[in-house]
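Scrolling down, you'll hit the structures one after another.
You will see two complexes here that share subunit A, one where it goes with subunit B and one where it goes with subunit C.
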Partner chain A sequence: MEVLFQLAIFFILLALGYLFGRRAESKHYQQIFAREDQLRHIVVLNQRFPPPGMLAHRTDMVCGNVVISVDYFKTVVASLRNLVGGNISAYESLLDRARREAVLRMQEQASLRGAETVINLKFETARVSGNAGRAIGSVEVLAYGTALIGPGK
Partner chain B sequence: MSLPRGNPRIPEGINARNTHPMREFLVLAAGVSAGLVALVFALSLAVRLMAPHSPFAWELAAAPALESLTDENSEPQAAASDALQELGKALLASSLTVPIEGKDPQSIVPAEDFRFALLGLDIPNAFATLGAQIAVSETLLSHVESENGLAMVLAHEIAHVQLRHPIEAASRGMVVQIALATILGNNANGLLGGSLGAGSMLTLLSFNREMELQADRRALAIVRSHYGHLGGADEFFRNIASDPDSTTWLEFTQTHPSTQRRLQLIQTAMKRDTTTLTTQPMADALQRSG
Partner chain C sequence: MLISNIEIIPNMRVVRHLGLVQGSTVRAKHAGKDIMASFKNIFGGELGAYTELLQESRDQAVARMSEQAQAIGANAVINVRFSTSAIAAGASEILAYGTAVEVIETGK
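Take a look at the complex of A and B:
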């Protein structure tokens, strides 16, 4: 009996994690696609120096960060992966979303300041490890760069 | 170098592949569970082949002594305990005439090492544990009508000991637990580890059920050699089966085969008896109102 209760709790948590996690992910992706289209005019580059035509621009640091949590379903898939090895594609989509969201937030900041280009884009990722012991971890992704703001803005 | 006019649209499905997460989960879960079940099965099989060959003296040294749960000082209890010992010893003597795979049972577990105890438990139960210790609960006594009924229960437990089931079950539990702890131990996700472990443990239950049926078969042979017939052998299961409290749960999740199935086995064997099935009355000290 105890075994069955344990299995039932496990599968309920798994189903909830799957349903909510999946819904959140697809909604987030729709949002990302729409916002990327809106901010496409803010060019993001990772070169270190301003292009020749923008040497007179004012520079400003802009950054965007996001903290995103793993859902129960993804941790289960990842734990199973830990046993056999291979791509943890459940985490790949999670981190893809986090990086793109961070860049979008950075672009929004740049857009507010009237910038048209952001150079020297860099990423940093940190694990928020408070609850990492229980495998339900969160990651922070920080994107930062130098916004080039044209004269008169 | 000219500056792009806008950020490019990167095609989807390169960084984050469009694999269906549920499919990945199902494939992984099925694969890992199958692997674990196969491992547990292989380990159990290995234990089953090896455990019966361990000397009984080792088992005796490792066995914790069964504490008596009844009041040994009270006169009726002491008399009941004595009567149980007496019946146990008599059955043991008869069991020595039934060889195990051509071997003398005495050479496997010496008859003088057996201990019988009456336990003051509220459930009708009997069990055999490490070190040839056999316990019968007080409540069981009210579930049998004659000495033959109790003899079948005792013979079943004697059979477990002679077939080396207690050491097999204990070794198997330990080996499997160590193996699972090694594989799943570092798995930070307790519930997943627990569920995979629980799944593998279900595999063990089939081994337990097989042991019960083996013990039943040997018990029937012992009882037949002792009384010359199987009259009354089905008493305990008949009374348990008619008990409204007895649950009929899925057989797969039980350590014991269903009462019905065991009753059927015993009653089929009883039909082969041609002599009249006269049962012996229960010793006075062991009589309990049903």
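Take a look at the complex of A and C:
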């Protein structure tokens, strides 16, 4: 009886994770695409030195971070994948979303300050522990760089 | 205090290198929010409380770093890097480090 009860809980969690996780992900992706279009005028480079012609610009450090959580369905899919090996696409899309969101937030901060370009972009990824045991519970992605602000801004 | 993650500051010249400065902070979230986070682990999505927490701690780490830089007579910190590590369940350390320098405007 107890086994059945636990099994039922497992499947409920799985279904909830699948439904809400899918919805959250597709909504988030739509938002990301829209905002990326809006912020395309802020060029993000990962070179260390300002491009020629921007040597007189003021600099300011900008950063954006985001913590994104996996859903139960992804956790289960990933642990099954661990048995056979291979790409864990459930986690790939999670990290892709987190990274793009972090860059977008950084670009938003840069655009608030009137910057045209962000150089020396660095990423930093960390696992937020304290939940979900050994599997990745939530990941934090930080994107930071130096914004070049044109004269007169 | 000028803070930059590139090695130069446009229009400025480094006159003195003062060495490495760093600032760090270890923070934990209170249990209530941890429970909310574990619910989020079922549904997926962004953890706003954690995003905020880490942003705040990063600001504090940078503030501590610039305090240290100021104490040794620097007016800018260049080549700043961030690093994060989970040191215990529910707590994470955030470190900001960079090179403290004294800069002057190139015209002068």
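Definition applied: the second predicted complex is superposed on the first by the 149 of 153 C-alpha atoms of A that agree within 3 Å, B and C clash if a C-alpha of one lies under 4 Å from a C-alpha of the other, contacts with A are read in each partner's own complex, and residues count from 1 in each chain.
The working rule: a residue touches a chain if its C-beta (ideal position, glycine included) is under 8 Å from a C-beta of that chain, and two chains touch if they have at least 3 such contacts.
The structure presented is a predicted model; accordingly, all values stated were derived computationally and were not measured.
When the two complexes are overlaid on subunit A, subunit B and subunit C sit side by side with no clash. In the superposition on chain A, A:17 makes contact with subunit C only, not with subunit B.
Look at A:82: by the touch rule set out above, it reaches subunit B but stays clear of subunit C. Of the two partner chains placed by superposition, only subunit C is touched by A:140; subunit B is not. By the touch criterion stated above, A:56 is placed in contact with subunit C alone, subunit B being left untouched. Once chain A of one complex is fitted onto chain A of the other, the partner contacts of A:90 are limited to subunit B, with no touch recorded for subunit C.
Applying the stated contact rule after C-alpha superposition, one finds that A:74 touches each of subunit B and subunit C. By the document's definition of touching, of the two partners only subunit B reaches A:43; subunit C does not. In the superposition on chain A, contact is made by A:9 with subunit B only, not with subunit C.
Judged by the touch definition given at the top, the superposed model places A:66 against subunit C, while subunit B stays out of reach.
The overlay of the two complexes leaves subunit B and subunit C separated by a minimum Cα distance of 12 Å. The contact surfaces that subunit B and subunit C form on subunit A in the two complexes overlap at residues 13, 54, 73-75. Residues 13, 16-17, 20-21, 24-25, 28, 48-50, 54-61, 63, 65-75, 101, 119-120, 122, 124, 126-132, 137-138, 140, 142, 144-146, 148 of subunit A are the ones that touch subunit C when the two sit in their complex. Remark: subunit C residues 2-11, 29, 34, 37-38, 40-47, 50-51, 54-55, 58, 80-86, 88-92 touch subunit A in the complex. Residue ranges of subunit B in contact with subunit A, taken from their complex: 1, 3-7, 9, 15-17, 19, 21-22, 24-25, 28-29, 31-32, 183, 187-195, 198-199, 201-202, 249, 253.
Within the complex formed with subunit B, the subunit A residues making contact are 1, 3-4, 6-7, 9-10, 13, 18, 22, 36, 39-45, 51, 53-54, 73-77, 79-84, 87, 89-90, 92-93, 95-97, 117, 133-135.
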